[in-house]
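These are the structures in question, set out in turn.
You will see two complexes here that share subunit A, one where it goes with subunit B and one where it goes with subunit C.
Moving on, here comes the complex of A and B:
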């Protein structure tokens, strides 16, 4: 699988309700290294109600400047959440379906 | 293409305070924020390529892992993505060049490799142009100094 296939895919719950779009994939470097650096494991997906402008990451970090831009982008992406990889039931064509009882977590990076 | 889901149509409130996720043991990276489009430098600090995408596999080698199995990043990918980013779709698998994750030594402002860029498939066009075009120009095979 290519990670780009996941980005911007629709996210639905098990009842088919639209939850948003995959705006990023959270990785954790915690698997045994095959070289010098630990291997990144897919930890979860970041789901936002919008596809655009999340690449700046304001909704995921404690960056407050420039104030107007930060406030505007944080507002645009309010409702963004992290869903952990084990909660992913199925990956379809431009679609991610979450399993019943999936949990939403804060998207903040240092939370 | 810009798309959005109206907040009112989602089955939960937009301003809900969510709990912090379980803290994993290793360093946390967001792929788009920390890896994609980063420049890749080889062991001699020579810029080699940029990270256009990442190859993800199940730990059992499955090419299409789901949440039922662990998935890991196995390689950085580089390819002709300009057109597909503008018009959609993705380049065919044969056009991607892989750099195995085992060659990566550091992820920071740039992604650093522990190998020389000359040894990578991704730089074959540069080598071809050097050998077949630049090398045939008089004086093209030595340092101009």
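Moving on, here comes the complex of A and C:
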């Protein structure tokens, strides 16, 4: 599996209810580098309820210009949340199922 | 002194390089049918391309990434792939029009059938791309293209009724013989001719070819902000020539020989020779830029090594893409399709495809992670948002208007 397979996948909870689409995968670099390359770790998935299109980077707190574009994109992606990787129960065919009692985190990324 | 020379050279190249077959054909056709009543669109287009080129040049210089690298990073592989398919197709159409334009100009000079010139023109384009240094290539075609100034001289020599021309330009309205749908269709065509996507692919990739850094930004801004508006004045001069000679006689421009006729009437053989040299240079320069853009876009999307700063063997797939694109252009032209008709379609589809590159560049020009403190200022963003609306409106209206008006006929 590659990371690109996760993007656009449907997200459901354990009851089978549709929660939205994976619009981004958040990675962290907190492990020692192997050779020249840093080794990323999957921190969590960004789930957007209405659209599978990109957030274009406007989930970051300090990116707010041009204002109209930022407002439109945030409106399109309202209700977006972050689920941490341990809250993912399983990955199916074009589908991500979350664990019972998964927690919704704010998608906002501080600089 | 050396710096001053570099700025002057850059500006002159920008003027000569501004015009291509799309500008030549569209302005002449519009001038013959609408007089100067669409000259305001050239102004809107020139301000737009200044804004867009300045933004993409800054993004390329500061972030070190060219247009399609950014589009793929920001939109992800799937949306960027669809974007690439559309942009590549429109660029190929423009390349076809430019190669056809070279052949038509050489036909005017030699009376030899364009289909004999088409393979020669395409071969020459490939040879220059393969062999010539980037800066030499750009400066020579730009400077020789400056001979198109004869269009502006011809306007004075034709001794027009200035009041009449001013009235057309200042009180824009469709002439009684043309409906409003056709008027707006040609407005979009003219906008697409001034703001062509390949100019931006070429400009931002060229910034990487010439290894621009922040220090080069002031000079690039001067080139764009002075050179493009002067190029725009030449566009209006082409339209004015057609408006003076053809509009009163009700003649519609449909060939390259008609586009140069006002210049020949005004200045005789010498002026005609100059204008043909200028058209060959302008179309040849644009054919180089569009051929390179086909390689740039595909290679940047797929992560292949690209650029003329690498030896061809080190960027084999980049060079192969350009060869294939040129062969496709030749194959299309050899069907005897009229290059002028190809040009008219190419400028309209340029307007259709424009938002695909404009939006990602606008987003990244505002992204501090790429740009640091060189993000867009408030004034640039205000103007950029106005243009986002204009570009989206033109893009959405283009195809319905094309169908409704039978492509302007």
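As a working rule, the second predicted complex is superposed on the first by the 102 of 111 C-alpha atoms of A that agree within 3 Å, B and C clash if a C-alpha of one lies under 4 Å from a C-alpha of the other, contacts with A are read in each partner's own complex, and residues count from 1 in each chain.
Just so we're on the same page, contacts are C-beta pairs under 8 Å (C-beta built on N, C-alpha and C of every residue); 3 or more make two chains touch, one makes a residue touch a chain.
Quick caveat: nothing in here was measured; it's all calculated off a predicted structure.
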Just subunit B (first), just subunit C (second), both, or neither: which does A:62 touch?
-> second
What is the contact status of A:29 with respect to subunit B (first) and subunit C (second): first, second, both, or neither?
-> first
Is A:21 contacted by the first partner subunit B, the second partner subunit C, both or neither?
-> first
Classify the contacts of A:71 with the two partner chains as first (subunit B alone), second (subunit C alone), both, or neither.
-> neither
For A:106, decide between first (touching subunit B), second (touching subunit C), both and neither.
-> first
After lining up the shared chain so the two structures overlap, which partner does A:85 touch, if you call subunit B first and subunit C second: first, second, both or neither?
-> first
Comparison of subunit B and subunit C by subunit A residues contacted | B
Do subunit B and subunit C touch any of the same residues on subunit A, and if so, which?
-> 4, 7-8, 54, 57, 60, 111
Given the complex with subunit A, which residues does subunit C contribute to the contact?
-> 74-79, 362-363, 366-369, 375-376, 381-382, 384-385, 388
Parts of subunit B lying in touch with subunit A, wherever the complex brings them together | 1-7, 9-12, 14-15, 17-22, 24-33, 35-36, 52-57, 59, 63-68, 70-74, 77, 90, 96, 100-107, 114
Mind pulling up the subunit A residues that touch subunit C in the complex?
-> 4, 7-8, 53-54, 56-57, 60, 62-63, 65-69, 111
Within their complex, state which residues of subunit A touch subunit B.
-> 1-5, 7-8, 13, 17-21, 23-31, 33-44, 46, 49-52, 54-55, 57, 60, 78-79, 81-82, 84-91, 99, 104-109, 111
